[in-house]
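Take a look at these structures.
Both complexes below contain subunit A, partnered by subunit B and then by subunit C.
Showing the complex of A and B:
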């Protein structure tokens, strides 16, 4: 079933269209930076963006920081929101279930497919950003193996940088799993895929808005998007773990609660579409 | 027939959506080798019943056995031997028909990849899509989609076919082809459960009939029994007035006018013929009247009267 879901995902033109759109923003930013040479001053603007002017190889991280708050979660909400509701609307859900595919199995396969989509998207973003970064912004340390500086300003060796980058991408993946869990749950409830995706996006927007509101201070630690950019802390020297750990716990809680709810809702649902 | 194994058996099957009872204590009995016609108007609970048989809708109460095993508990095992077409076909529009069948086959158990291509070609051949090209299903006509849906149902040579309105969207020739295909499959040993609101379709195909009305099974019997003789004799004659005069003199004989003759109760056909002919009445045709399925169904589904066919209903 998982293989079938992955085939479906990879053979869908929309998957690749979405990935292309997600890549458009960092590429545009790189082009603008290269043309104008006007980066944000160090310490301001999006994470890593100041650094990329001197080192294009850091651009994948800057690109991740750009797509993580908005583009990627919207794409995940759309993909996961469609998982069950889309099959239901198309009428293919009933044929999958009488094939038979167990409901729990189908839910797991859908989640795996959504995460595969995230992995593919993030990898494409990283590769494209690396190529674009090196080509347009240059590798000013001359050798790729040369020392890079951490966000704290101290030098960082390449193996260390690779390790921390892997951690950062893993963390981003967990954040997207949280969004996927919420959207998948809504997808088992909604009649249309758009309804499910809109529901998940509403939660994202609400969470982002509440984070700017001081009156909602008490809620902040529990909001879905609160710790998403904590991956930047992985590039400090020494690494600041506290926000990252809190982020992992919050995302984990969202994943467990909403996947549990999705399972409970889907396995007891009357399929009448 | 009555000794053959039960393929679908439900007992007190009930489904409530909120306060609405969609299906009310239905006791289906479909036996091995049947072509079972499941008749009912739109909204009578047909589709809900079919969905409960397949484990899509969960029953409020009552039990279901399909191929001798409880549903939906044994669904994973049972459904591999069931082919289904529920409320119209469905496919991924951006993929070709073959790709859709392959995807569906690979999604569940008991669809060996070794034989997949062969099974797909066989199924497409059977439903008349053997020559179909690589165009996506999006570009299929309604009839082609219907055929593709049927091909999907046949992919694993099921023992039981559950088909909901299988001839929807087909032209008369297509309907005829599908009808022949279903009879052929039935001869090869497949039990067919055919849900439809088209009386004609059921009458031509089915060996047993169940009629659903307002969520209740108001009738369930062998087709031959339902279309049994009424006890009256149809007489076709160019001299109906003369015939009435002759018959009026006989006691206990009931005569009614009909389209091109009379309907006579109280005399067996041979006796009747003898009396008319010896009295000089010309007779062009004479046969025992049989019930039409339509009349039986209408009688069973007219509410407010004592319903015909109570005995076919199980508690």
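Showing the complex of A and C:
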């Protein structure tokens, strides 16, 4: 069943269309930077964007900072929201469950497919951004003037840069898993995939808005998007683990609670579609 | 498992996960063993001991946003995340963390390096006698030491202990000894394990909420190693060497004036050996910086659009919480910028004293 779900995901043209759209923004930004050679003013723009003008190998991180707050979670919410509600809307959910397959197994298969979408999307962003970054912005820092400079101004060797970049992308995948868990739960409740995706996106917008309000400070540690950009801390020297660890714990909590809720909802749901 | 049982299991898991982060805060704070005098001495001494940690400052003071004072405006009007490694007053590193990078200051004896990730630039400068406030001045132990200058045991009362940065902390309320201070009181808590000030809150007259807060979220008393205190620029870093650190340092070195010996009855401090004057100490202190026409003009324009400003042909003045800012002179003139924690009357008097009492260097030398 897991293989069937993965095959369906990878053969779906919409999957690759979504990934292409996500990659369009960083690619456009790289082209504009290469043409104008104009970086953002200090304190503005996504993280690492100022640094990519001299070191294109950092462009995957700038691309991650661009797509992580909005594009990536919307894509994940749409895909995860489709998982159960999509089958129900098409009237195929009843037929799926007629087979000797437990509902928990079906839910796990859907979850694995969503996770695969997250992993593939994030990896494609990393690869495309690296190729575009090096091709358009160059890798002068590594090859000509020495090692890459960390956010704290200290030298960072190429293996270190690769290792920390891998950690950053792994962290981003975990963050998107939190979104996927919420959307999957809503997908077991909603009658349409759009309803489930909109529900998850409402939570994201609310989380982002509440983070700007001092009056909501007591809620900040629990908000889904609170630590998403903490991956920048992996490039400080010494690495600042506090927010990354908190981010992992918060995303883990969302995954546990909302996957649990999805399981409780789906395994006891009356299937009429 | 029944439908109800499944939802109960989810509800229990969610409740535990919501409550878990709060457990540390609910631990009771111990009762303080030390008296006010001992706590004062402990709080003052922290600046001469090694420590490191993460700190957060938060100000509500919306200062005029003039170019040359941009960092100061951000420090007193926004939330700032800091990482600090402190060996002693002359060897430390303070990182100002931003979502888009960081700006670090590293002091090594008489030299200070400022590293900006977004500019890819390291600026070396000598440590000046007088300068504008910087992040290192606002971490709890350093701010505490400054605010406690001139404070005696009679000026403090004990506050209930709190749990802060993972330890029990004894509280003190400090009432400014000088009637000229615009600060109503300063509340501070000193960690009973670390012996470091962990939280400092500065309250203006009549304000229920602090105008400025500085706190540690975690702290260690392990001495920081050379690996974090040594700054070596990478080959791709633009390295600059500056003769002046900021506008106060520039004015102090090059302005051909000297401030008067007193202002509003406060004596000129020992650090004032150039054009810039620092009067008073601790909770009642004001700095007077001479500005040229163009710098004064830009600042006057920004002050003019600050809520609560008062302006006439003699001066432009605005009070923001406990902080008063006054610029002498009118449009087209240079002037003296005075900023500090003085009452409005005292600040106005200091402005008049400085603008009428300063001398050109040629008159003295």
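In this text, the second predicted complex is superposed on the first by the 265 of 273 C-alpha atoms of A that agree within 3 Å, B and C clash if a C-alpha of one lies under 4 Å from a C-alpha of the other, contacts with A are read in each partner's own complex, and residues count from 1 in each chain.
To be clear about the criterion, a contact is a pair of C-beta atoms (placed from the backbone, for glycine too) under 8 Å apart; a residue touches a chain by one contact, two chains touch by 3 or more.
Every value quoted in this text rests on a predicted model; they were computed, and no experiment measured them.
Colleague: Looking at the overlay, what does A:222 touch: subunit B (first), subunit C (second), both, or neither?
Modeller: A:222 contacts subunit C only, not subunit B.
Colleague: For A:257, is the partner it touches subunit B (first), subunit C (second), both, or none of the two (neither)?
Modeller: second
Colleague: Decide which partner touches more residues of subunit A, taking subunit B and subunit C as the two options.
Modeller: Touched residues of subunit A are more numerous for C.
Colleague: After lining up the shared chain so the two structures overlap, which partner does A:50 touch, if you call subunit B first and subunit C second: first, second, both or neither?
Modeller: A:50 contacts subunit C only, not subunit B.
Colleague: Considering only touches as defined above, state whether A:3 meets subunit B (first), subunit C (second), both or neither.
Modeller: first
Colleague: Going by the contact rule set out at the top, does A:92 touch subunit B (first), subunit C (second), both, or neither?
Modeller: After superposition on chain A, A:92 lies in contact with subunit B alone.
Colleague: Which of the two partners, first being subunit B and second being subunit C, lies in contact with A:159: first, second, both, or neither?
Modeller: Touch partners of A:159: none, neither subunit B nor subunit C.
Colleague: Per the contact definition in the header, classify A:236: touching subunit B only (first), subunit C only (second), both, or neither.
Modeller: A:236 contacts subunit C only, not subunit B.
Colleague: Return first, second, both or neither, reflecting whether A:101 touches subunit B, subunit C, both chains, or no partner chain.
Modeller: So A:101 only meets subunit B here.
Colleague: List the residues of subunit A that touch subunit B in one complex and subunit C in the other.
Modeller: Overlap of subunit B and subunit C footprints on subunit A: residues 268.
Colleague: So in the complex, which bits of subunit C are touching subunit A?
Modeller: 3, 6-7, 9-10, 13-14, 17-18, 21, 54, 83, 95, 97-102, 104, 115-120, 122, 217-218, 228, 231-237
Colleague: For the complex, give me every residue of subunit A touching subunit C.
Modeller: Contacts found on subunit A: 40, 42-47, 49-51, 54-55, 141, 145-149, 151-155, 221-222, 229, 232-233, 236, 238, 240, 242, 253, 256-257, 260-261, 263-264, 267-268.
Colleague: In the complex formed with subunit B, which residues of subunit A make contact?
Modeller: 1, 3-4, 7-8, 11-13, 90-92, 94-102, 268, 270-272
Colleague: Which subunit B residues qualify as touching subunit A in the complex?
Modeller: Per the touch definition, subunit B meets subunit A at residues 17, 48, 51, 54-58, 75-76, 79-80, 82, 84, 86-95, 99, 103-104, 106-109, 152.
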